[in-house]
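Chains here go by letter, A, B, C and D, matching the order in which they are written, and residues are numbered from 1 within each.
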Amino acid sequence: MLIHEYQAKEFLKQLGINLPEGRIVSTPAEAREAASELSCPVVLKAQVLAGGRGRAGGVLEALTPEDAEKLAAKLLGSRLVTSQSGPPGLPVEKILVEKLVKVRREIYAGIGIDRKNEALVAIVGRQGGMEIERLAAARPDSIRKIHFHPDEGLKLFQARQLAYFLELEEAQIKEFVFLIKKLSRFFIERDLKLAEINPLSLDEEGKLVALDARLEFDDSSLPRHPEIASLRDESQENELERDARKHGLNYIKMDGEIGCLVNGAGLAMATMDIIKYFGGQPANFLDIGGGVTEEAVSRAFEILMADSQVKSALINIFGGIVRCDLVARGVVKAAQNLSLNKPVVVRLEGTNVAEGRRILEESGLPFSFAPDFEQAARMAVILSRKTE
Amino acid sequence: MSILIDENSRVLVQGLTGREATFHTQRMLEYGTRVVAGVTPGKGGQKHLGLPVFNTVEQAVNAEKPDVSVIFVPPLAGAEAIMEAAAAGIRLIVCITEGIPVQDMIRVKSWLRKYGADLIGPNTPGVISPGKSKVGIMPGHIHKPGPVGIISRSGTLTYEAVHQLTLNGLGQSTAAGIGGDPVVGLKFVELLELFRHDPQTEAVVLIGEIGGSAEEEAADYLKTSPYPKPVLAYVAGITAPAGKRLGHAGAIIEGGKGSAREKIERLKAAGVRIIDNPARIGLMTAEALSLKK
Amino acid sequence: MLIHEYQAKEFLKQLGINLPEGRIVSTPAEAREAASELSCPVVLKAQVLAGGRGRAGGVLEALTPEDAEKLAAKLLGSRLVTSQSGPPGLPVEKILVEKLVKVRREIYAGIGIDRKNEALVAIVGRQGGMEIERLAAARPDSIRKIHFHPDEGLKLFQARQLAYFLELEEAQIKEFVFLIKKLSRFFIERDLKLAEINPLSLDEEGKLVALDARLEFDDSSLPRHPEIASLRDESQENELERDARKHGLNYIKMDGEIGCLVNGAGLAMATMDIIKYFGGQPANFLDIGGGVTEEAVSRAFEILMADSQVKSALINIFGGIVRCDLVARGVVKAAQNLSLNKPVVVRLEGTNVAEGRRILEESGLPFSFAPDFEQAARMAVILSRKTE
Amino acid sequence: MSILIDENSRVLVQGLTGREATFHTQRMLEYGTRVVAGVTPGKGGQKHLGLPVFNTVEQAVNAEKPDVSVIFVPPLAGAEAIMEAAAAGIRLIVCITEGIPVQDMIRVKSWLRKYGADLIGPNTPGVISPGKSKVGIMPGHIHKPGPVGIISRSGTLTYEAVHQLTLNGLGQSTAAGIGGDPVVGLKFVELLELFRHDPQTEAVVLIGEIGGSAEEEAADYLKTSPYPKPVLAYVAGITAPAGKRLGHAGAIIEGGKGSAREKIERLKAAGVRIIDNPARIGLMTAEALSLKK
């Protein structure tokens, strides 16, 4: 779970890390007030949960409080489309107004999880502001990684190695060591997956100031960190995805025309892949999961069909823990409430397959039955074209 | 022969008295798995499904000498359950639990190294050596004994693969789900090494997916040490968008790394037969085996 | 560094561990007041830093507040001689007045350091109240040890193994797991060497109550725990030992008649041993250490000679970092201020030995010089007898 | 030959610019030790005693390829200094620092296992292979090359032993102080194993003391694997009172364990010649060596 920049900075502040002076606002009037309190020039930063805000016009400089008010009025209530936000963009409901920092140098500091080495990793880059992966590709020598174990923490000597790699002056070495030690401890205590300060700037007095911050928490650990879980901003999620999540469904909206309803993440991906293989485009990823209820299946089917891009649907169930009859009942219930005007191909296999098929057949709804996985995909692709 | 488990494996169920564990332990017993005991703290001394229940794994190990444990506990108790099993001397731990925090799993991995125990999962359907033993939640009846080894990051997709193999007349030596999480126990490389030496196994099917580098590591392994049996691979997620988690906690393309295309290229370069239509897993494996003969 | 029971219980209270209700008092009137507040019967526990208080009469039961006052008057200001306190005993300056707990069962719970396994160790015993070493010797089956690493902490499953070993009821299992987890975390965070709750009792309602508590901290770690360092009670130290400690000297008073002044702990022990070997008894262990000053050497010599049991003294220096001349100067300075009425044997070797010898000789004081280690010991033993 | 260090050992000094380190590094250089660099964070780039100073051990290793490090840092920085050296690939770490908290040392020990580095100390005078290299704070001039290996828990007592040996015409192959703390690096057993294979060493003198079980472990080791050279031992503290720390943090009889008498009995039973008069270390070693011939 990603949190907003302003929320992340609240944590950094508690850790004692230097930040630009700032105020979080949600109206243009508040923005004006904040700007005059902080004294201009200030920066207005749209709080959306996606990177690439700068290039998308989500970060603006204001030279006067009036200016700040006008720019805030433009941003607030709009949807910001960034390189990472997806086409509909994300709603701007809050703006972080910050005093402009005069920057002498920008660097990168981050903590993450290295899956391959099964360790935590502290990463620094001699250049800040760009994505670390791009910097790694462009100038690998300017990056240093040090692995550490969550039980051991980042050692002082490791923090020093990172600091010296950054070629900081002696006073900043101490500051940096403090920062990265604090950040790594926070990372471990709160079960983070990613903590980035990018850019971390050296201001004119040589102080280290966190200009931007990105904290991502491990969804699996949220039950033991309720104070983090409560920071979730649902306005930043796709409506269908949010709805699906609440029903325990894994749904991700994509750009194609064939909706998929599958049990199991791997089979759901394979279903998307085979659609592509036969020349179609999947409209979504949808894994109903193992412990699904009839009601959740209904909701899954409704979500699927609510996507106006969908031309045909493919239900692919390999019953194991999930019973085919339960899925069938859920689908029928939902389908009966919709005007089912799109073709639906069904492939059932495994636990209670006969009963499932009977339920679907007896519903009188126009389902198309496929004998196997391949036929199901072919049919769904063909049917998606017929409706054009 | 088979790998990891066979008819002699003595299986302990951690969290036995829970709903899911009860259901699946019944299925395991029906399949013929030698389940010998269960653990639920606070229920020691009771019987459940006819099995003795213990308060700790240590007590269960002392009394019933299990060598394999299968774990059905809540996610935040998962890491501890694995550590407890390893410390008690369990050789192979199969963790079904999904949703264990990733930092917990990093701790688990160093713990396992200390105790020399092997882990399958977490977030796995488990392991089955058809006709001998089933330690997990997969539907037993779709399997049959035979020459194909399966290593997979996914559950239902493995069932699909097994189903196709069985329809094509091919049974399985052992099918192991390595789990869909970012940090798991045994991976492709370790299991390929086990299948290498298993006389029953004549071909190995890898079922990979986006995220991480387990497939790339398998490719490196196969490239550097010639493998005596045909290896086939299907990698799910060629259509997956970057930066989105597709169901499994580990199935995500991050920082441009872990795409299906990259994995497929690497595996192909290592001599692995790539299956690009997931409905042809059975067919292509049958082909590979007939070519070999 | 050991702290008093009442100080230890203050920590346990902060951890949420159940304790008998109690008050710490330093006058008989306060004891009376405490007893009536708590309602009798109460127990009065003399706060001295040594085990074996019970058998030494330091733990008394009072049935009325008047009784409590009288008993407190007897204890306060007295010196308590226990099996561990040494002959002069320890001054009783505070009494812990506690409500008497009706005990159903007593067990042992402790955390310590296992030198051999280089690990922390949690220990439980099915019987409480006696020393764990004695219990281990008498009934080894009634004890269970589990090792753990300070970075990993005691795991929940390990705490449970201990709890089940103790054959507690289910409600107490949870309580015990809480207690031992908390105690082990405290042990790690504050760098303890030993944490014992002995006895840990089950009261009549089946609650776990810590009847006695012993916390020992690692002296080496005190600089990073100033809040612990400040708990030191100097009244509980031998006066000479305390004085020595303040001068950076390692001095331990013993029962013999030959005082020793040596550099290095090993050589100091060997000096004691060789005195014994030749039929004498060392009066003390005294290591002046490596970084010693002239002034500290003077103080060391004074401390040595201040022991009225001392009949002769042996100065044994193998100069390495410590220079013989510095030691000589320190000894001479101190000896000149004393009426040197006891024979002093000197053996010098190593760095600046000639200069050291010259200084001693030129002082005009009656030092006896020995050619080597063995001769020095023989001479000191013989001279200690002559003065009888 | 010698163990641990010789004339080729390239020595790094951690904390070089400190007062004590400066003094002893001068003595080491005078003795002929190949000191190649120093580390003091914040003083990288400077020269001290003619040696290059680096900010981190890693930088020093990259530039000067030391394989041995000697540590002179404050007690609470000691554990980190050892870990830093191990992580940077130093093979042998000699830690002079006294007063490192014992839990820090427990952490250090598992860290060392991970990196495969050896530690001498902490709270040790160091190691000397007379005539070749001196890595520590012992007075070099009392030593001379020869056939006796020394392993000791004490500083000045080792000097005493060396002095007696030299007076008896016996030089030393290597004298190593293992440190007076409760948890230290290499102990009697590991060093006995090294001396076993060292052709220069013809006899080994152990200098033990009260506390812990290093002497008992040595006895067990010697009992189970016959040792090809005479081993002598003096154990200090036969007169030590129980429960009192005698100077060294590790020299304490706790819970009735670790008395000199117990250790002596165990060593004697393992065939070790016990020296009960500490003034006769040299004489008895000379006797043992002449009997052997």
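Everything that follows uses one rule, which is that a contact is a pair of C-beta atoms (placed from the backbone, for glycine too) under 8 Å apart; a residue touches a chain by one contact, two chains touch by 3 or more.
What you see is a predicted model; the values in this text were computed from it and never measured.
Participant: Quickly list, by label, the chains bordering both chain C and chain D.
Facilitator: Neighbours common to chain C and chain D are A.
Participant: More C-beta pairs touching across which pair, B-C or A-B?
Facilitator: Between B-C and A-B, the larger count of C-beta pairs in contact belongs to A-B.
Participant: What whole-Å value do you get for the distance between chain A and chain D if each is reduced to the mean of its CA atoms?
Facilitator: Their C-alpha centroids are separated by 55 Å.
Participant: Where the CA atoms of chain A average out and where those of chain B average out, how many Å apart are those spots?
Facilitator: 28
Participant: Go ahead and note the Å separation of the Cα centroids belonging to chain B and chain D.
Facilitator: 49
Participant: Using the touch rule from the top of the page, what residues of chain C touch 2 or more other chains?
Facilitator: Each of 149, 151-152 in chain C touches at least two other chains.
Participant: Hey, what residues on chain B touch two or more of the other chains?
Facilitator: 107
Participant: How are the chains arranged in terms of who touches whom: line, ring, star, complete or other?
Facilitator: The chain contacts form none of line, ring, star or complete graph.
Participant: Show me, using the given definition of touch, all chain pairs that touch one another.
Facilitator: Touching chain pairs, listed by label, are A-B, A-C, A-D, B-C, C-D.
Participant: Help me check something: in the complex, which residues belonging to chain C touch chain B?
Facilitator: Residues of chain C touching chain B: 152, 155-158, 160-161, 164, 170, 173.
Participant: Where on chain D is chain C touching in the complex?
Facilitator: Residues 75-76, 99-107, 109-110, 125, 137-139, 142, 152-160, 163-164, 180, 182-183, 207, 209-213, 217, 234, 236-241, 243-244, 246-251, 255-257, 260, 276-280 of chain D touch chain C in their complex.
Participant: Hey, which residues of chain B end up touching chain C in the complex?
Facilitator: Listed in rising order, the residues are 41-42, 44, 55-59, 80-81, 83-84, 87, 107, 111.
Participant: Inside the complex, what are the residues of chain A that reach chain C?
Facilitator: 149, 151-152
Participant: Note which residues of chain C are touching chain D in the complex, please.
Facilitator: 84, 113, 115-116, 118-120, 131-133, 149-151, 188, 191, 193, 218-221, 223-224, 250, 252, 254, 262-270, 272-277, 281-282, 285, 287, 289-290, 318-321, 349-351, 372-374, 377
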